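Have a look at the structure below, then the notes.
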Amino acid sequence: MGSSAEPRLRPTPLHEGLHRRLHAVRQRTEALIAALEPEDLCLQGMADASPPKWHLGHTTWFFEAFLLEPHLTGWRVEDRRWGYLFNSYYDAVGERHPRPDRGLLTRPPIAAVLAWRRRVDAGLATLLHDLPHRPQAEADALAALVELGLQHEQQHQELLLMDLLDGFSRNPLEPAADPGPQGAEAQWTRLIGHVPATRGWTSHPGGLVSIGHDLDDPGFHFDNEAPRHRVWLEPFELADALVSNAAYAAFIADGGYSRPELWMSEGWALVQARRWQAPRYWRGEAEFTLAGLRPRPAEAPVRHLSWFEADAYARWAGARLPSEAEWELAATSSAGLAMAFGLLWQWTASPYRPYPGFEPTPGAVGEYNGKFMTSQFVLRGSSFLTPADHCRSTYRNFFPPASRWMAAGLRLARG
Amino acid sequence: MGSSAEPRLRPTPLHEGLHRRLHAVRQRTEALIAALEPEDLCLQGMADASPPKWHLGHTTWFFEAFLLEPHLTGWRVEDRRWGYLFNSYYDAVGERHPRPDRGLLTRPPIAAVLAWRRRVDAGLATLLHDLPHRPQAEADALAALVELGLQHEQQHQELLLMDLLDGFSRNPLEPAADPGPQGAEAQWTRLIGHVPATRGWTSHPGGLVSIGHDLDDPGFHFDNEAPRHRVWLEPFELADALVSNAAYAAFIADGGYSRPELWMSEGWALVQARRWQAPRYWRGEAEFTLAGLRPRPAEAPVRHLSWFEADAYARWAGARLPSEAEWELAATSSAGLAMAFGLLWQWTASPYRPYPGFEPTPGAVGEYNGKFMTSQFVLRGSSFLTPADHCRSTYRNFFPPASRWMAAGLRLARG
Amino acid sequence: MGSSAEPRLRPTPLHEGLHRRLHAVRQRTEALIAALEPEDLCLQGMADASPPKWHLGHTTWFFEAFLLEPHLTGWRVEDRRWGYLFNSYYDAVGERHPRPDRGLLTRPPIAAVLAWRRRVDAGLATLLHDLPHRPQAEADALAALVELGLQHEQQHQELLLMDLLDGFSRNPLEPAADPGPQGAEAQWTRLIGHVPATRGWTSHPGGLVSIGHDLDDPGFHFDNEAPRHRVWLEPFELADALVSNAAYAAFIADGGYSRPELWMSEGWALVQARRWQAPRYWRGEAEFTLAGLRPRPAEAPVRHLSWFEADAYARWAGARLPSEAEWELAATSSAGLAMAFGLLWQWTASPYRPYPGFEPTPGAVGEYNGKFMTSQFVLRGSSFLTPADHCRSTYRNFFPPASRWMAAGLRLARG
Amino acid sequence: MGSSAEPRLRPTPLHEGLHRRLHAVRQRTEALIAALEPEDLCLQGMADASPPKWHLGHTTWFFEAFLLEPHLTGWRVEDRRWGYLFNSYYDAVGERHPRPDRGLLTRPPIAAVLAWRRRVDAGLATLLHDLPHRPQAEADALAALVELGLQHEQQHQELLLMDLLDGFSRNPLEPAADPGPQGAEAQWTRLIGHVPATRGWTSHPGGLVSIGHDLDDPGFHFDNEAPRHRVWLEPFELADALVSNAAYAAFIADGGYSRPELWMSEGWALVQARRWQAPRYWRGEAEFTLAGLRPRPAEAPVRHLSWFEADAYARWAGARLPSEAEWELAATSSAGLAMAFGLLWQWTASPYRPYPGFEPTPGAVGEYNGKFMTSQFVLRGSSFLTPADHCRSTYRNFFPPASRWMAAGLRLARG
């Protein structure tokens, strides 16, 4: 590695950590498909979802398009058409395959996609190994881009599981996707065994508070979490627990799905058009899950409901959904917020909009978050499908209010 | 209000004023159709719009359903089916005719609708005359309901003109709806002749400010304008003028409609699907208006654009849209806000959501505003189509971000 | 026509008759709208239908575009855009207004359309008066074109009534369009009072028969009725009467709309998608008609059903629909065919296809029949909505098998 | 028949042949998927098509549902839900999985489907072996049902290939499905190398002829091919060859896709809506095939066009499509008909309707052909995708006139 520039020539701890993390994240993605049948790899249940193989290809394309091709000397893209196939929504990068048709991409076969992953992983290893030889600023920028790619891949790990659940839910055979005790549904079952019995409310004084990611904090964040900014909050209370299946069943029993006065007009139209009568995966007394059809414990948090259902439930309960500022304030308060992470994403009352002073990441990767800031609501926390090290109290997840296939639940607020 | 009932038996000034106002508002609605051809009365250009005759019927139904039937002894509804035909969206009142089919209601004929208006007007006169004989609280509540009906009818006066413009814009003959010098388009032409030359910015210090209608203020307000509440604002600047046709043309010339990086993802999809290339009514160098095809003055404010176009323009201009709190603060500041009212509604960056502590009006009339608080953006100010006495600095108008048929323009903000 | 020009200078009986007929037909069209409200003139209940005013304009455009403009010296088209508005489907003549949007054409107003009719009528009178001065072949060709225009207008008289019935059927007020005793529905009521009691079958030996219009016959025919040609028919029987409401009700009572084995697959899909449970205008024990809601006599022929319903009924009844050759043979046999004309069009089992040797009329008017010869079935006879002098045993009417808004019934065949 | 059971106890030649044929047909189906990637097994390019695995399951279900379950004592259906999944359109058998969602059936996995095939094959072997022990009439009926199942499976062999070609055509990678020299495309290439140079016409005198399957003929036929019946034909000529790529290219070069006068109205609407400019799989100078992108020989028959294109071409060429009676007469004439079988199905001018006296097969298998007799046209002959022993001169194939994914070409007629 040469005699000069030593300090930079030795891999920094950051870069070593990144290498290990790269390996771990990339491996985990492939572990997710280990128990699937080959046909499952192209399963796309609806236009909003993507097949497992597509997720494997897309996350790989992200590294190739944003890291290897522009920054690794000598890197050669083997087949330009794959860029067309595996681009998700980056307009600046070029045309792309229509999203609803991803399930038709039976080729390239999985073996070719996995081989591509190998090749790209090797390219990334070379790039990481080479980082100490680059000017510090460039090395840092590349390391940040690798980290972004990993965070991106972790997001797709959750999407892959959500999409699989959606796809399998459309099969009358009610198949199980879950690889046993290591699977997400087994994890869920373990977690809800420990849901605290507490069902109270915690008060917060509000005032002029700050939320969002502080740009001086070197930890990873997505661009939409910044800048940290001031918000005025009146005093409020948050429920200590997520709403349970039992509580939601009481809402249904009380005519929740047949009383228009509980619903936003747009939501009521959906209730009627789609004949919603319960959360997405409820089936009688059971629930369809990644482990197939399972009993639905009364005390477990209700999951897979739309913002409209969460909002209607809150109205019925004489409460409301928290704003994202309230949620973040509570999560970072000294008392903390119970059930904040690892169970279910929690719908907030906040439309997904830019923070004051928001700046998207420059360049094509900047098409990541900023351009989706209409007609969606923010969810906070993380879910049992989220990789354990992929959560932050400033994290802003977002989905349209009609979406139900992600692992979303709700927590009440009042005041 | 005193120890005997007598003083209450004399019409209060409030009620006398209400009677005069009732007459004026109801007359103006009918004046709007005076210059139309009979066939125009059923013109419905799209599902979002309604025919003129329907507006006349619906505003009348509102008074009958919420005032006369429940509160005027002896009132008889002549044909229950009319309630079905002219209910807009009040779920609590019962089923209703499908909105996209309003143009099919060639019957009841206009003469019957006008006769109904006469009959309802007479009923309202009786009710108003009778108010002093009722307990004060009840009288006040009924007076408030009449006022709500008038405000509602004024909103429909603007809708009627918007809808007519939309309908006529679909006719290759490019007809003119406007009754000459008294018409809205003539008014527009007069107004833009006096648009100030100033094109600067006004600074505001922000801080912890209050916006919204103060419930102690007895003036009329819609429920969504309350309660008054505190908001933290960082310092900001607002443009003194609305964006002009010339400025918007520069955006187009610079590829505004072909550069995805300027657009929200949802807006870009619309640009492509609907082949948007200019504001809704631009036609070459001219503009389609209620007075037919007209020249498009360079310095006049650009009108009839969607939120997506307003947002993309602002991004292109290196600025942003104001929040509704910023807009209201500026409009109520000592300096005031130029071009705030009477020209064009002004898109804000704020999704239409309830203020903290918002309570919808109880009962069926409460379905007025609260249930539409998703997937829409707030517009502030008022337009050349708005009745002159129908504007307030706390007024919250709202439309979906893709809508273009209302008289909307934009004002830039920065900071 | 003889050695001197004089005889030709005097109007021939043919031309005089044509002039009288022109007047009569044009007048009758306008009589059809005499009892309507002005708003009704733009009523378009569905994309397949057209508003009354459009029918008045279109039939006038036909004369202007095919007769006056090409053949009357000095004729001036006042507004070229009207050609765009009132062209129905003649690709050779140019672009046209989208059919589903005809209801949006509130302008030109009816007065302008009627004035245009006056002007075109005068032009046609001039042209007819001038015919004897033209070479015989040209005069004959023009006279034939005028006759075609009149036949075309008579078709639109029936369409106007069908479309009006459809449009009014969508109005919850169930309006009546019919001008009393002269109206079509009154005529229907008179006719069904004389339906013969006979319910038998008439046998026909079949064999090698000829059907279609003989080109040597100088009487009017549409191009699709020719040429006369030979067809082999096995012996068959035709029912003497059309199927009655009572008989059709028995089919319904026997589960007719819930037994897939009775239906063509395409029809069964429609039954389910559109929730068909009875003919189009049945409402409980009554029937919606041009005279409003009316009782439905058991012995009257069932009307307003699709080919799929007619076919399913026939299968249920152990019979079948007649082929058009069978129908025509019976109608022209010495015994004749009872209830052949003036009640209801009668679905046949024959797809609408060209006769062997079919030649469309040359030029733009040739787009009349030939290009619709797919995915439709032939109906024979004529209906109570058809002008009395607009029927022939060779007449081939045609509609898609899912259509129900025309006055169609059915007659059974077997053998 | 006969006095002792013994002769019946020995397998008749018929049954032995059937056993061998059963084995061969079932094997061939599985051979068709041998070269596919596992993901391809669920590929469904459009709602009209089905995935390969579904074809394997459906043909197996047919034997189980119509043969084994009702007729083999002790047969047990392992999973009733598979009947729901693999029923195609038999209403009498019960509900079924929605056709457009067949591609979502990643489970049961292919191994399970193949195991089912084994089990059903064994059941059929038992049933066949047992036939001689059954009364003759029953044995004959069962043998006929097995034969029907085999014919049905052969139809699905062709569908499987058509559907695969459609699915792969939607993949930008343009994959090849074809297993080399044994594949259908290789077969096509060999065949077109021997297309005769003759380009003449053969005359036929017509007259009173008979077509259709004679019910006294013991050979297999589908119900829609019977009964044999008389038809009158005028003299006609048929082209000796199918229309070539070169000839069709001349039609395109002459504006074939931009001249409405050449098209049926319904077809012209499709040309515009779907932007058709060439046959389905033409790509520049090449053609997409089961062997991937391939050159398009000028003299090879043009393939994969809709009835509308065939009809428009014929009109352009001053000819017409043959009726199915003309085609069958020519194919069975002493001279025979060149290129009748094994290249391409040939569109006829005949709507698909029942022959006079047609009777569907009784019971659920009778839902095979009869219920599709609307809105389709007949094709005659067979194609390079059709199993070689699956063709007859009375065979009536049928598709909607807009369909292009089957191996269809055209032959001209005149007179």
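Letters are used for the chains, namely A, B, C and D, taken in the order the chains are written, and counting of residues starts over at 1 for each.
The working rule: contacts are C-beta pairs under 8 Å (C-beta built on N, C-alpha and C of every residue); 3 or more make two chains touch, one makes a residue touch a chain.
Computed from a prediction, not measured in an experiment: that's the story for all the values here.
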{"item": "Reference interface A-D: repeating pair among A-B, C-D or B-C with over half of contacts shared", "value": "B-C"}
{"item": "Pair sharing more residue contacts (C-beta pairs) when B-C is set against C-D", "value": "B-C"}
{"item": "Averaged-CA centre spacing for the pair subunit D and subunit B, given as whole angstrom", "value": "61"}
{"item": "Rounded Å distance, subunit C centre to subunit D centre (Cα mean)", "value": "39"}
{"item": "Centre-to-centre distance between subunit C and subunit B (centres being mean Cα positions), rounded to whole Å", "value": "47"}
{"item": "Overall pattern in which the protein chains touch one another (line/ring/star/complete/other)", "value": "ring"}
{"item": "Touching residues on subunit C, where the partner in the complex is subunit B", "value": "37-43, 45, 53, 79, 81, 84-85, 97, 101, 103-110, 167-168, 170-173, 175"}
{"item": "Interfacial residue positions of subunit B with respect to subunit A in the complex", "value": "89, 91-92, 208, 229-232, 234, 260-261, 263-268, 307-308, 349, 351, 353, 356-357, 367, 371-375, 401"}
